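Next up is a structure, given as structure tokens.
Letters A, B, C and D mark the chains in the order given here, with residues in each chain numbered from 1 onward.
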Amino acid sequence: MTRAEAFSDREVAMCTVGRLIEDGKTYWAAGGGTPLYSVLLGKKLYAPDAQYVTEDGVIAPIPMLPFEPMMSMVASRATYKALSWGTMNTAGYFAQLGFMDYGILNTLQVDKHGNINSTFLGEYGHGGRRMHGPGGADTIAACCWRTILITDQEKRKFVEKVDFISSPGFLDGSEGARERAGLPRGTGPWRVVTPWAMYDYQDRRLRLMARVPWVTVEQILDETECKPLVAAEVQVLEPPTEEELQLLRTELDVRGQTSDAAGGWIIWDGEQYTRQAAG
Amino acid sequence: MTLATSQPLEILAEGRAPYHPVDPDGFREWVREHKSRAMVSKLMSEKEAVERFVADGDYVTYECNYLTRGPNLVLNEIMRQGRKNLWIAGKFTYVDVGLLVGAGCVSKVDTGFFLATPAVKKALAEGTLELYEYSNVVMSMRLEAGAQGIPFIPIRSFGGTDGFEYSGAKLIRDPYTGLATVIIPALNPDVAIVHVQQADQFGNARVFGTGISDVPAALASRKVIVSAEEIISTDEIRSNPGATSIPYWCVDAVVEAPFGSYPGTVPGYYASDPAAVMECFAAVLRGDVQAYLDKWIYGVQSHTELLEKNVGVAKLLDMKKRETIKEGFRA
Amino acid sequence: MTLATSQPLEILAEGRAPYHPVDPDGFREWVREHKSRAMVSKLMSEKEAVERFVADGDYVTYECNYLTRGPNLVLNEIMRQGRKNLWIAGKFTYVDVGLLVGAGCVSKVDTGFFLATPAVKKALAEGTLELYEYSNVVMSMRLEAGAQGIPFIPIRSFGGTDGFEYSGAKLIRDPYTGLATVIIPALNPDVAIVHVQQADQFGNARVFGTGISDVPAALASRKVIVSAEEIISTDEIRSNPGATSIPYWCVDAVVEAPFGSYPGTVPGYYASDPAAVMECFAAVLRGDVQAYLDKWIYGVQSHTELLEKNVGVAKLLDMKKRETIKEGFRA
Amino acid sequence: MTRAEAFSDREVAMCTVGRLIEDGKTYWAAGGGTPLYSVLLGKKLYAPDAQYVTEDGVIAPIPMLPFEPMMSMVASRATYKALSWGTMNTAGYFAQLGFMDYGILNTLQVDKHGNINSTFLGEYGHGGRRMHGPGGADTIAACCWRTILITDQEKRKFVEKVDFISSPGFLDGSEGARERAGLPRGTGPWRVVTPWAMYDYQDRRLRLMARVPWVTVEQILDETECKPLVAAEVQVLEPPTEEELQLLRTELDVRGQTSDAAGGWIIWDGEQYTRQAAG
């Protein structure tokens, strides 16, 4: 492992998620952006027997990298040498049957109970900002045993209550709320990863559990509108390595569309990392 | 062993959105009256297919347009012919909803996933577009119920979301387990448009590679337009019955459509034209739809003319050349 | 367009037979705890597979035994090991139920279709066998619901029959149309036994040709034994992902089983041995099961020994030679 | 067409059904016996664009005839050159969707409303004769638009009320009974064909509509325990032709298992056909 000299916020988040990937577990990745790159990074560097399913149901491909622009799903390079080509519904059935250990998602807004909004900012139907909708993320969040959410560390992304639940977290946070709504027993949010921090849940409530070395707990809390619980001991995450960044930049996010679209850069000055916010 | 019991069956909650009518018996009668069980040639141009099988107000399903094996030539023709008030199954849609809305063709979308472009936002603000909230999987499972000919199907997702409130779903108490269970209404669209790699003249069609819900869509829909990169013989279809995805009796129109997914890719046949894909995304995201429509749709009379005038042989050959992966995309 | 309404949801009638428990959440937990999502070799003999994965009292599903691509070597091993009180999904079964009942292995059958042989009639008269009444399609649709992980599914058949009364089905008022609609309980067997043409060591399996419900059975069952005519490499599986019928994570045991369907046929691989099929039918129909079991099952230790002692090379080669049709039975 | 000199009862029934087969219609055939042979006979001689689906879901095969013993379904000769190989459920779904014009069935007992018993003779669960069960016939009878039933002309086969409804006819015969039981609208029994007669339904009640030349209406009614309605004019059916019998005997029922298992033989004596009952 080689210390990396410079990397972007979103690269940090993908590397952090990549290290969560476990051998012998299944991952259902939403869409073709940071969730897919994170699981590929983890699989290639740390967990070769982790298996992933694309949103459209392709089982355990060995994709021909890099993808063509916009073509990280369905296209032939993305589905190359899969164990099986499925469909949206076959993926959904395997998730309903409990075969998917982890779902990996990204989002624009999340609340203290892990509910996800990708539909509407503002009061639904009364002005505000229309977004693209849940895609397959609703089912991923409902049916995988555990969900890992990737988002940016911005105040307005972490709210008390999302304006619209597109994909379910712990709903109102009460015990059994998911089951009462018809969702499978024992499922739910597990981690939220941002460029600065990692969260888990305590009694279905968001809790800050780890931070990157170059930001403080206070900085993180300043960028979290809903005040999360804070673990007694907030762990410090390892920064990305050159090996991880090399893989990300040369094989996965080769056009930088996913990693540098927002946020700042983190630079090693010889003694420590410092973050330079984007202009 | 469980003895049959009388668990109370009750509705616990229900969404309040309009949904496409659930009518399994009506669908059966449509099939009996309109679907040919005789093997008759259905070959026709995309123009004739849209004229005959897409009407104003129809509920339309398709998928992956503009990226991968999308039925672009047929969607372009729908815009060219100026269909109105379509209701779109917005699962695994993307830039295409913005384009169709910008062209004035669409008044309702069941989401899904789509790009909320300026044209979409304008139509929402003006009240000319309504959205109902599902997800990609809920929509494809609605199609599966439609493809089974049943009125609804239970699923394990969607409960607890706000989408549920703006949908046709219901939360019931399952009479077998007593547990809260979501059910969703079957979807039987008026029109399915499916682009495939190979079909014969009768509509026996082969899909290779992954897909969202091509096959359920073709079974569930009253009118089915199949466009195919290649028309193959029925003898070839019969030489590998396991490769047939859709049988002829589901299909109303077969359009021979080489490069029918342009500017997207058809796996095993040709790579995408990234510049042209980007041109479309940029136009739609900027809200500059009219110029795009003028160039790519209204300015040509057919998909062949689009390829001739706006693309050219060299680019098409290059797209074919760049698609080096063939494994599994032929029978 | 239909507005969401509150059609009364009610149970109009229900069957009164015991049915295998419906427990989608329990099935999920079984999957999480017992199904390997790692790619580990599952190659083992039929003896080990039955020892590890078939227990007394299990609910077992399989199909087409003794005729076409049936998992005969595994069923034979179940009889050889003397399992008791099995509950059989009797869809597209035939002579095999009589044999299993005659061997004392079975105490319940969900029908289906099977030969009501002397052994079956004797067991019914003595009260050691119970039958519950479905049909081939109702049973395969119960498996489909099980394979989707949902508690029940609506169907358009079965209503009005007397089988309904002796089943786990219910007649409800559909909340979408208000029409009477039959629902049937999902079936998640304890054990599925599936014989396929090809599989890799991890259980990625290819079924070629028609079948009843191999794939839903493999998805719906807690323990899955796949026997395969050929073990192929995972590289070969990956070279044609469209040909994979069952992914490895469903499968608990992979048995290399050339001529595993003997005396039946495996399409594309070998024809049947008609004389041996007739020998079995005659024995079972006459009620002369014990002699048959002694010769074909108890008298040998394995399927290989059965082939060696009772069949021989010449006959096996002749079966291969007579299967001249290969079209579509290879990827 | 050549006059046939001698043929069996069951050959008559298969030829009669074969002539009902229509071009451009779909037939879902139960099992591999008389229903399958009848539709193949009709397709090969009269209705080349009739299409059939086997019970296990094979769409429109061109089977390699004759079948091997016991192998009229699933095996490679039976599924040869199909348009598509399906499964039991895909066949069921097409039937549920209304794609199957006709179902063709055989049975052991039928009643005046067309209900079919293949499960139990006697009072269910209290002694009597256990039979094999409905197989796929229940769904064929429920979901095809019209069903054609093949059976023998024996008194005990035509009863007032079957002991057990394995596959539905018009149930209690009241209007809408099928729909009230959850079955698709507008479906039901259409014809019953025996070696002696053809029946249709009037107001959901069995009606004798045609007879073969060598038996009288009275003979038929003697072999019908439930008294059917009788059409004002009972038509006379054409006897089998040599071409039909040739096809049946050389390509379809080559072992005679289906056609000569019961019943008598009908002989042309130069002036008329006479039936010789089986010993």
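The definition used in the following text is that a contact is a pair of C-beta atoms (placed from the backbone, for glycine too) under 8 Å apart; a residue touches a chain by one contact, two chains touch by 3 or more.
Quantities reported herein were computed from a predicted structural model and do not represent experimental measurements.
K.L.:
Decide which interface, A-C or C-D, involves more C-beta pairs in contact, and give its chain pair.
P.N.:
C-D
K.L.:
Return the distance between the CA-based centres of chain C and chain D, expressed in whole Å.
P.N.:
29
K.L.:
So the centre of each chain is just the mean of its C-alpha atoms; given that, what is the distance between chain B and chain C in Å?
P.N.:
Computed value for the inter-centroid distance: 35 Å.
K.L.:
Roughly how far is chain B from chain D, going centre to centre by Cα mean, in whole Å?
P.N.:
One centre to the other, that is 40 Å.
K.L.:
At which residue positions does chain B touch at least two other chains?
P.N.:
24-25, 149-150, 155-156, 179, 181, 209, 239, 241-242, 327-328
K.L.:
Can you list the chain D residues in contact with two or more other chains?
P.N.:
Only 58, 79, 81-82, 85, 96, 184 qualify.
K.L.:
Draw the chains as points, connect those that touch, then say whether the picture is a line, ring, star, complete or other.
P.N.:
Topology of touching chains reads as other, fitting no named class.
K.L.:
What chain-chain pairs meet the touch criterion?
P.N.:
The set of touching chain pairs is A-B, A-C, B-C, B-D, C-D.
K.L.:
Touching residues of chain C toward chain A in the complex: what are they?
P.N.:
Answer in residue numbers: 24-25, 27-32, 35-39, 147-150, 204, 219, 234, 237-239, 241-242, 244, 247-250.
K.L.:
In the complex, go through chain D and note every residue touching chain B.
P.N.:
It is residues 23-26, 49, 51, 58-62, 79, 81-85, 93-94, 96-99, 101, 145, 184-186 of chain D that touch chain B.
K.L.:
Considering only the defined contacts, which chain B positions touch chain C in the complex?
P.N.:
Checking each residue of chain B against chain C gives 1-4, 6, 9-11, 14-25, 149-156, 168, 170, 172, 174-177, 179, 181, 183, 185-186, 208-209, 239-243, 327-328.
K.L.:
What does chain D use to touch chain C in their complex?
P.N.:
So the residues of chain D in touch with chain C come to 54-58, 64, 68-71, 73-77, 79-82, 85-89, 91-92, 95-96, 119, 124, 129-139, 142-143, 164-168, 171, 177-184.
K.L.:
Please give the residue numbers of chain C that touch chain D in the complex, ascending.
P.N.:
Listed in rising order, the residues are 64, 67-69, 90-92, 111-116, 120-121, 124, 131, 133, 135-138, 140-141, 144, 155-163, 166, 171, 179-182, 209-216, 265, 267-268, 271-272, 274, 277-278, 281, 323, 325, 327-329.
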